[in-house]
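In order of appearance the chains are A, B, C, D and E, and numbering begins at 1 in each one.
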Amino acid sequence: MILKVESINKSFHEKSAIKDISFEINGGEILSIIGPSGAGKTTILRCINGLERCDGGSIEICGLKLCKEENNQCIYPSPKKLRKLRSNIGMVFQGYNLFPHLTVLENIIEAPINGFNVAKNDAENKAIELLDMLGLKEKVNSYPFELSGGEKQRVAIARACALNPKLMCFDEPTSALDPELTDDIAKIIEKLAQEGMAVLIITHDMAFAKRISQRIIFIEAGKILSAINIKPFLSE
Amino acid sequence: SAKSANSKDGYSEIKDKGFIVVGLDDTFAPMGFRDEKGEVVGFDVDLAKEVFKRNNLEVKFQPIDWSMKETELNTGNIDAIWNGYTITDERKEKVAFTNPYLENRQVIITLANSSIKSKKDLKDKIVAAQNESSSVDAMNKEPEVVSSLKNGEIIVLDTNNEAFMDLEAGRIDAVVADEILARYYISQRGVEKYAVLEDDFGKEEYGIGIRKTDKELLAAIEKALDEMRKDGTAAEISKKWFGDNIIR
Amino acid sequence: MNYVGTLMYSMLVGLATTIEIFLLTLVLSIPLGIVVALARLSKIQFINLTAQFYIWIMRGTPLLLQLIFIFFGLPLIGLTFDRLTAAILAFVLNYCAYFGEIFRSGIQSIDNAQYEAAEVLGLTPVKTFLRIILPQAIKRILPAISNEVITLIKDTSLVYVVGIGELLRAGKIASNRDATLLPLFVVGLFYLILTAVLTKTFKGFEEKFSYYR
Amino acid sequence: MNYVGTLMYSMLVGLATTIEIFLLTLVLSIPLGIVVALARLSKIQFINLTAQFYIWIMRGTPLLLQLIFIFFGLPLIGLTFDRLTAAILAFVLNYCAYFGEIFRSGIQSIDNAQYEAAEVLGLTPVKTFLRIILPQAIKRILPAISNEVITLIKDTSLVYVVGIGELLRAGKIASNRDATLLPLFVVGLFYLILTAVLTKTFKGFEEKFSYYR
Amino acid sequence: MILKVESINKSFHEKSAIKDISFEINGGEILSIIGPSGAGKTTILRCINGLERCDGGSIEICGLKLCKEENNQCIYPSPKKLRKLRSNIGMVFQGYNLFPHLTVLENIIEAPINGFNVAKNDAENKAIELLDMLGLKEKVNSYPFELSGGEKQRVAIARACALNPKLMCFDEPTSALDPELTDDIAKIIEKLAQEGMAVLIITHDMAFAKRISQRIIFIEAGKILSAINIKPFLSE
C-alpha cells in the first residue's frame, strides 16, 4: 500500500473543511476524488503533502507515518523526516505554481538536478520527451508569463512527472485543457500507473474520472459520501 | 598601546620609535592644513618639524576629527595636539600645556558698511562663531553681552568659512573669531569687504597639548622652542606665514 | 579652471579611499545582510530575537557613534583596531542591518505558493532559497538596494572621525584653505559621477531581471 | 548618575528639534515620494527623464552639501531662506528621491494582472493606483521604508551645518566640554529609544497588513 | 450589434497567435469559442478588452471603434476614449485576478462604488444577491487566499456581473466548477443575455457550450475553422 489516510480532520477558523476522511491507494492504482467546489478536495491533497497540518487522524505513506493521532493531537515528525517522506509524493497544484523566473525547461529540470542529483543531460532529455508528449516542444524556452492557461497546466504536469514519485497527486489536471489533450493526459497518467505509481486525481470531469480511475470517491461538505469501483484493480 | 594604560612617561618610548605623532585638524588653515599636493603644511606644522628635528625625532602628522582630539591623545593614538590649540582651564584638566607660543584675540568682524562699531552695538544683533571654538567660550565669559544678542543666543556654525559666508548672505550681523584665523579668511575673501572692530572678547593663548604623564616630552619641547625663539628660527617661520613676527 | 586643476591631486587620493571603503563594505555586507534577513525570519525564537536586537542597535544609533565606539571605546576593554579596520568593521556591521531588512522585505513578498511548489518538488530549504526565492526577491528589491548603496558611497565620508581622509575631507580642506565653496562643488561632482555609475549599474541589473514578469 | 541628570536639559531641547525636523520631513516627503515614483514610472519621456535626473542629483550628492548649497549657495543668487526653512527644504527634497525609489520598487512588483483586472472593471488609473496598487505595494516595502525613516531620524543631526542645534550636537558639546564619551552614549540611548518606537510602529503596520497573503 | 471583430491579427515574437479572426455578437446573444489549448482564445478576448494591441484588423464596440486598420497599422484612440469604450465590456479572467487585499464583498463592490458611483448600499445588496446565487454567501468576508479554486472563480464571475456591461467576456468560466455549479453559472449567464447583454464565452466544455450558446465558433492555431448555430437567435 502506498497511501493510507485514516479519518483525518482539518478546520479553518474553527470551521471544519474536511471530516473523517479515510481511504487508501495501492501502487499502480488510480483513484479519483469528485465533489462540488469547496467540498475540501484540495485540502485533502494539501494534507497528504504536508502543506496543511491535519487537526486529527493519521496519514501513512509507503509504510511510514506522515502524521498520527495521539491524545487528540496530530503528531508530525521532524521537518527533515517530513521532507524525506514527502519526496515520495508528487503534486500538481490547482494554480500550477510555476516558477516565473525559469523557462519551461528549467522549471522541469530544476528539481531532478538540484533535488535528486540527476545528470543535467538526462534530466533535459526526459523533460523534452515529456514536453513532446504534451505538445509543448515549441515552448521549451518560453517563460510562464508567455504561456496560455492550458500550456501552464501541462508544464506543471510535466514538472511533477519528471520526478517519478511513488504517489502522484493531481489537483484538477485537465481543468484548462480541451478533450484531445485531456486524452493525452489520461494516457500519460495510465502509463505512470502501469509503472507502479499510485495516482490520486481531483477532478470535476466525471467522464475523465470514469475513463481513467479504478475507483472514485465522492465527497461533499468535507465528508465522503460514497465510493464506487469502476474497473477491477488487477495488480493487487 | 601601553601609553594610555599606565602613568609612565612616554618620551623614552617615542625616542625608541624615532618618531612622534602630532594630531591636527588638516582643514585648519593656516595653522595646519594640506596644500594642493596633499602635503600637510602650515605655521604650526613648520614649528613642530623644527622642534622635533632638534630632538632627533621625525614627525608624523595624523589628521583627526577635532572634536575627538583629547580622546585621540589620551588613548595614545597621537602624542601631541598642536594646531592652534587654545589654552583654557577646562582643557588644562585633561591635558598638559606648554608655555604659550602665540597670542590671539577674539575679534568681532562685520561687513565693511555695518553700523556696528563696538560691542555695545551688538545688542539685538545676530552673532555667529565656529562651533566648539574658543570664540564661543570667550563670548560666554561675558554673559551680559550674549544675553543682549537677538534671542539671547550665539549662532554656531561648523567652520569659520561658513560663518563668513553667512555674514555676506546677510543672515548674521557679526562673526566672532580667532584673530589669526579671521585675518587669514579676510585676506582670502577680500579685505575690502570686512571691518574688524577695536573691541574684542579678550586675549588668549595657543599652546601645545601633551599627555599629563609625558613630562619629559613637555620639557624637551619647551627647550627646543626657547632655543628657536633665541636663534631667530621661530621668528623666521612666523614671518613666512604671517609676514610678521608674532611669536611669544 | 586652472584652480580646479590644482585640486585634482588631493581629490583623487581621497576618491581612492572612498572607493576602497565603499567596495570593501559592499562586498562584505551584502552577503551578510542576506544572513541577517534569514536570521530575522527564523522561526527559532532565540535567533529571531537576536537578529531583531542586532538590527535595533545598528539602525538605532548613528553610524558616527558606532565608529567612535569601535575606534575609541573598544580599546578601553583591550580591543584595539587600526583606523581602516575599525572603519570597515563599523560600516559592515551597520550596513548588514539595513541590507538585512531590505532582503527580508523581498523574501517575505514572495508568494507562499512558490515555497510550496519547491517543497513538493523535494528541493531542500537551502536550494529553495537560493534558486527559487532569492532570485525573485532580488528583482523586487533592486531599487531599495540601490538606495542603500548610494547612501553608502556618501556615508564613507564619516571615516573622518577616525582620522581617515577621503573625498569630502579633501574638499573641505581645500575649501577652508582657499576660503571658497568651489572645492565642495567639485566634490559634489565626483559624487554625482559615482552615483551615475551606480545608477547605471543598477538599471542594468533591473533590465537583466526584466526578462520575466 | 547625577552627571547624566545635568545633561538632560540641553539634550531634551536638542531632542525636540530633532523630532520637529524628523516629523516635518516625513509628513512632506512620503506623499511627495509617491509622486516622484509615479513620475519615474511615467511613460511620458519628459516627465520620466526629469524624475530620473532629479533622483540622480538628490541621491548623487551628500545631503550635507545640499544643505550647504541651499543655505549658503542660494543667497548668492538672491534666494535667502531662514535656517529651519532651508533645512526642511533640503531634507524633503533629498528624502523624496529615496522614498520615490522605494515606492517605485513596490509599485513595479505588483503583478500586471492586478492592473488588468482594475482596468477591465473600469476603475480610473487614479483609483486603480490608490485603491488596488498602492495598498499592496506598501505591504511589500514597509521594511525598506522603515530603513529610510530610521536613517532620517539620525540624518537630522546634519542640520548643525546651518547652525541649528539638535540632539547629537548637544551631546558633542557636552562631550567636548567635559572630556568624556558619556554624553555621546546618552545621545545613543536617545536614538535607540526613538528607533525602538519607530521599529515598533512599523512592526504594527506590518501586522496590520498581514491579514492577507 | 454590440461587438464586431474584423480580421484581427496578433503575433508574439513574430509568431502569429491569432490570424484573421472575424465575428460579431448582438445584444442578448451568447457566443462560445471553442478550441484546443494554445489556439488563441484568451488572446482574442484580451484584444477585445484592449489588454493586448492587435497588429491588424478592427474591433467595434456598440458602434464605436476600439481599433481600426489604416495603412497596415492598427490605430487606437486616446487612453481616455479607450477607457470610456471599455467600460462597456466586462471580463472574467482565466486566472481570476482577484484583489488579494480585499474581501470577497470588497472585491465585488469596488468597481461599482469607485468606478461607476453606485451607492454603497445598493452595490452591497447586489453583490450579496449575486454571491447567494453562486452559493458563496458564507464567504462574504473571506479573503481570496482563503478560498478554494472554484470559489475564487465564482467570485470573479460575481465581480464582473455586478457591473452590468453591454458585453461580457468569460474566459473558461466553469473550468474549476462541478456540474451543478456549472448549471448555476449557465442560468446566470442566460439571465444576463435575456436582459440584453451580449455574452462571449471561452470554454472547453462542449456540453456547456451547446447548452448555453446560440452560436459556437471553433478555432485552431489562431484561425476560425468553422461556426455552428445551435439555437435560433430570437431577438434579432
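Just so we're on the same page, contacts are C-beta pairs under 8 Å (C-beta built on N, C-alpha and C of every residue); 3 or more make two chains touch, one makes a residue touch a chain.
None of these values were measured; they are calculated from a predicted model.
Colleague: Looking at the contacts, which chains touch subunit A and subunit D alike?
Modeller: Chains in contact with subunit A as well as subunit D: C, E.
Colleague: Taking each chain's centre as the mean of its CA atoms, which one is most distant from subunit E?
Modeller: Farthest by centroid: B.
Colleague: Skim through the chains and flag the pair connected by the most C-beta pairs in contact.
Modeller: Chains joined by the most C-beta contact pairs: C-D.
Colleague: Distance from the CA centroid of subunit D to that of subunit E, rounded to the nearest Å?
Modeller: 45
Colleague: Could you please state the distance in Å, as a whole number, between where the Cα atoms of subunit C are centred and where those of subunit E are centred?
Modeller: The separation of the two C-alpha centroids amounts to 49 Å.
Colleague: Whole-Å distance, subunit C centre to subunit D centre, using C-alpha means?
Modeller: Computed from C-alpha means, the inter-chain centre distance equals 18 Å.
Colleague: Just the number, please: Cα centre separation of subunit B and subunit E in whole Å.
Modeller: Distance between chain centres, rounded to whole Å: 81 Å.
Colleague: If a residue has to touch 2 or more other chains to count, which residues of subunit B qualify?
Modeller: 71, 165
Colleague: Of all the residues in subunit A, which ones touch at least 2 other chains?
Modeller: 95
Colleague: Where in subunit D do residues touch two or more other chains at once?
Modeller: Residues 68, 72, 139, 181, 213.
Colleague: If you go through all the chains, which pairs of them touch?
Modeller: By the stated definition, chains touch in these pairs: A-C, A-E, B-C, B-D, C-D, D-E.
Colleague: Please name which positions on subunit A make contact with subunit E in the complex.
Modeller: Residue list for subunit A touching subunit E: 12, 34-38, 41-43, 94-95, 135, 146, 148-151, 153-154, 171-172, 175-181, 204, 206.
Colleague: Residues of subunit C touching subunit B in their complex?
Modeller: 6-7, 9-10, 13, 68, 72, 75-76, 80, 160-165, 169-170, 172-181
Colleague: Name, in rising order, each residue of subunit C that touches subunit D in their complex.
Modeller: 55-57, 59-65, 68-69, 72-73, 98, 101-102, 104-105, 108-109, 111-112, 139-144, 146-148, 150-151, 154, 157, 168, 181, 184, 187-188, 191-192, 194-196, 199, 213
Colleague: Note which residues of subunit B are touching subunit D in the complex, please.
Modeller: Residues in contact with subunit D: 67, 70-71, 90, 93-94, 128, 131-132, 155-158, 162, 165-166, 168-171.
Colleague: Over in the complex, which subunit C residues touch subunit A? Could you list them?
Modeller: 113-114, 116-117, 119-124, 127, 131-132, 135-136, 139, 211-213
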